[in-house]
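Notes for the one structure printed next.
Order of writing sets the labels: A, B and C. Residues in every chain begin at 1.
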Amino acid sequence: MKRVALFITCVNDALFPETPKAVVRILERLGYDVDFPTAQTCCGQMHANSGYRRDAATLARAFDDVFGGYDAIVTPSGSCAAMARDQYPHLTGSAIGQRVHELSEFLIDVAGVEDVGAVFPHTVTYHPTCHGTRALGLGDKPLRLLRAVGGIDLIDLPAADQCCGFGGTFALKNSEVSSAMLADKCANAAGTGAEYLAAADNSCLTHIGGGTSRSGGPRPIHYAEILASTA
Amino acid sequence: MSERGGAPGGAREEILARMRRALEGASEAPPVPREYRRALAPGTDIVAMLVDRLVDYKANVHHGAAAITDALAGARRVAVPVDFPAQWRLGTAEFVEDTALTTEELDAVDAVMTGCAAAVAVSGTIMLDAGEAQGRRALTLVPDHHVVVVRRNQIVGHLAEALPRLDPGAPQTWISGPSATSDIELQRVEGVHGPRRLDVVILDD
Amino acid sequence: MSTDAPAPRGDLVPAASLIPADAPFPKAAKVALGMPQLRANLAHATGTIRAKRAKVAGELDDWERLRDTAAAVKADVQRRLPELAVQFEANATAAGAVVHWARDAAEANAIAARLVREAGADEVVKVKSMATQEIELNEHFEAEGLKAFETDLAELIVQLAEDKPSHILVPAIHYNRTEIRDIFDRRMGDAPAGLTDDPAALAEAARLHLRRRFLSAKAAVSGANFAVAETGSLVVVESEGNGRMCLTMPETLISIVGIEKLLPSFADLEVFMQLLPRSSTGERMNPYTSVWTGVREGDGPQNVHVILLDNGRTGVLADEVGRQALSCIRCSACLNVCPVYERTGGHAYGHVYPGPIGAILAPQLEPGRHDDLPYASSLCGACYEVCPVKINIPEVLVHLRQQGPHAAGERAAMGAAEAVMARPRLWRTALRAARFGAMPWRRKGYMRRLPWPGSKWTVSRNLPVPPKESFRDWWKERDR
């Protein structure tokens, strides 16, 4: 059996257990043996991007210790995968990021599947998160997986490529600008009339969902949860 | 020389020393890849493309020497460089040779007519380098209407094919359509300080 | 500064006077966000130019290869800067130019002012130039009793409005046509009666206003887009013809050129002159490009001066990661795609270089003065994607954040978070504690109001509460 390690990310560890559960279900359905190293914590992105290089390097080394023994590490976060791939080489000289795959990369590039056998009879609009799209170069991989889902009705999100304004501590340090970006994203999302807004990062979804839960609009959902759904 | 900062302790030496200090221990820059296009796809109709791009930028395009009269559009006094070919001085206009015309004299003519050094199809660019039949820069700048005669063999497809045809040490003006601005709401408007009308006459040779 | 005869003063309020230039970015941004007309103008203009750029960049199937080449050429220039600067100086001098060197703004301004006086002039016409904005040449000239007249339409608008530029390419991007009409009407002095807000009519008014000045100017000041070391040539890229006027008509031409503008060879223009116009105005080629090499007898200025400007650039050069900011060709594509710039405009950045490029250039050119700017980004990466010379702006932003100072409170919080996250058992304990602590909100599902600094989040967003059962619990249960 093919063995993969699951990196669930600190955000999902703390707030969104359904997303990593979904990843486990998808991978096991495809015949993978999923390992969850329990010593995992955080990739260090918050520290690195907030300017705390030494703290980030400590967490990057810990990541190496936890996941060093695996050939493939799957994570439901474009942002954390990009952190390992782009920043670890500068932080610690580690090349482990080459073995870290965002879920859609793993499914399409490694497992070679686009149709994971999911069924989700709902209207969904998709927001391509910035780090996944630009830093990692996911392109339309998550969308290709979603298009293959049975019963799904995908609706284009206007100005989809615009950042939702999250940006980690940016949302706090530049709260007003971030909120202005969020307001536009929420208005565009609400305008689609979709039931769900899907994305590849729960951090961005926390932000968008934090807005739509006040202003109205689609419910946030990680696309892994759609792919895991069978009815 | 010291006023230009060249003396020891002057600006020149200090800036150069700062540069060298900043680069201490820097590794060699990797070789420059040059994988980009230097020509258009073979078989491209570059004359048609040039015309398309010129028209897109609101230049008027004419074909054949006989059309020079149309291009001049009734201009009565037309400035030309002294070496402007006689066979292109067509029609009833008075051709005023630029024998060091004053700015006021240039401002008073109805049009200016010149040749060019090269024309680039892909961007609709006419290039002047003060060479044959082109004159000095003020000549093609002050009059409000510029007529350029382009010979077929001066047209190239790509910018990279045009640069070797220019004299790099000579004053150059690359012209792509008439004077324009996008400064108001990013909307392009033709006609500000340079010639507001540009006519291009393409000659088969 | 006003031009010509005193014009009637209306109640025009320059945008820059409302947005505190010295305030930290978040504070200045908040003011800008509260100006609906400004935001509407910016959204309209940046939206227009984004679409144009994408279209003409998309026309070239070798766009990515051009970017790779441009990035490599600029890296090579930086590596060989002393050699190329000396080569440029030698070739320009041989062609009849006089090359000066200026360590900083004050030195460059003093040289320029002296040269204007030596030309027997007390005023100059100016081509739009970021370098002269950077060194505040106009203000320096005014203090010395000299007058500098901006001739680029947008710069003219800004100068007449007594405002400050808010964009690298289109300094008046924050004004719409009606506001520009009002500025001309009240400040130009010779604005045609009954001037409408038709952009063509506004351009015509600028033509009439400046024409006599162009034809009689004794001296001009310009910058340069490129300085070719191999030939000693300077290149100015423009649209309106005001550049050609300034570069051609006066007897004396003074060009102030940042040392990073060097290119090794004339043939390199085949790369940069494809990238620059398409990235800046979204055109296949800008209307006018001028190239000149020293003095040409009987053609153009006979006194040609070049001032090579450092003003902090060698400091940037010393930073291995940060020096890529010196590759910038000032196209402003990064401003036009930046979601932050689009909402705040340029004034909030408090520096002549705004937007993403400003956020990495300003703190490096003036160390210690703009430490807030590297944080004025969500790190979305749209800037890197469009940059024609492939400056990895997010990478430099993060690098500068890692170099800069941190507030003590934040430092403590980050240290505590690291201490927990670096110890898996502590991390699990903390997660359990959070789930327990969230119990009062569980039924509701989210928190709506948090104390500071959490209030910075809940000002516009709810925060989900930790779940009853964690993934770890589920995994353990399943494993059994």
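Worth a mention:
Note that in this section a contact is a pair of C-beta atoms (placed from the backbone, for glycine too) under 8 Å apart; a residue touches a chain by one contact, two chains touch by 3 or more.
Which chain is which protein? Per UniProt: A = (Fe-S)-binding protein; B = Lactate utilization protein C.
Just so it is clear, the model here is predicted, and its values are computed rather than measured.
Ranking all chains by how far their C-alpha centres lie from the centre of chain A ((Fe-S)-binding protein), first place goes to B.
Of the two chain pairs considered here, A-C and B-C, the higher C-beta contact count falls to B-C. A comparison of C-alpha centroids places C closest to the centre of the full protein.
Centre-to-centre, using mean CA coordinates, chain A ((Fe-S)-binding protein) is 51 Å away from chain B (Lactate utilization protein C).
Remark: chain A ((Fe-S)-binding protein) and chain C have CA centroids separated by 33 Å (rounded to whole angstrom). The geometric centre of chain B (Lactate utilization protein C) is 28 Å away from that of chain C, both derived from CA atoms.
In chain C, no residue touches two or more other chains. Every residue of chain C that touches chain B (Lactate utilization protein C) in the complex is listed here, in rising order: 41, 44-45, 48-49, 52, 60-62, 65-66, 68-69, 72-73, 75-76, 78-82, 85-86, 95, 98-103, 107, 151-154, 157, 170, 172-173, 176-177, 180, 199-200, 202-204, 206-207, 210-211, 214-216, 228, 230-231, 233, 239-242, 244-245, 247-249, 259, 266-267, 269-271, 273-274, 277, 281, 283-293, 296, 298-300, 308, 310, 314-315, 317-318, 320, 323. Across the interface of their complex, chain C is touched by residues 8, 10, 12-17, 20-21, 24, 36, 38-42, 44, 46-53, 55, 58-59, 62, 86-87, 130-131, 134-135, 161-163, 165-183, 206-207, 209-211, 213-214 of chain A ((Fe-S)-binding protein). Chain contact summary for the complex, chain B (Lactate utilization protein C) toward chain C: residues 4-6, 10-12, 14-16, 18-23, 26, 28-38, 53, 57, 100, 103-104, 107, 120, 122-125, 130, 136-138, 141-142, 159-160, 163-164, 168-195. Residues 25-26, 29-30, 33, 339-340, 343-344, 374-382, 384-385, 394-395, 398, 401-404, 406, 410-411, 414-415, 417-418, 420-422, 424, 427-428, 431, 434, 446, 453, 456-457, 459-467, 469-472, 474-475 of chain C are the ones touching chain A ((Fe-S)-binding protein) in the complex.
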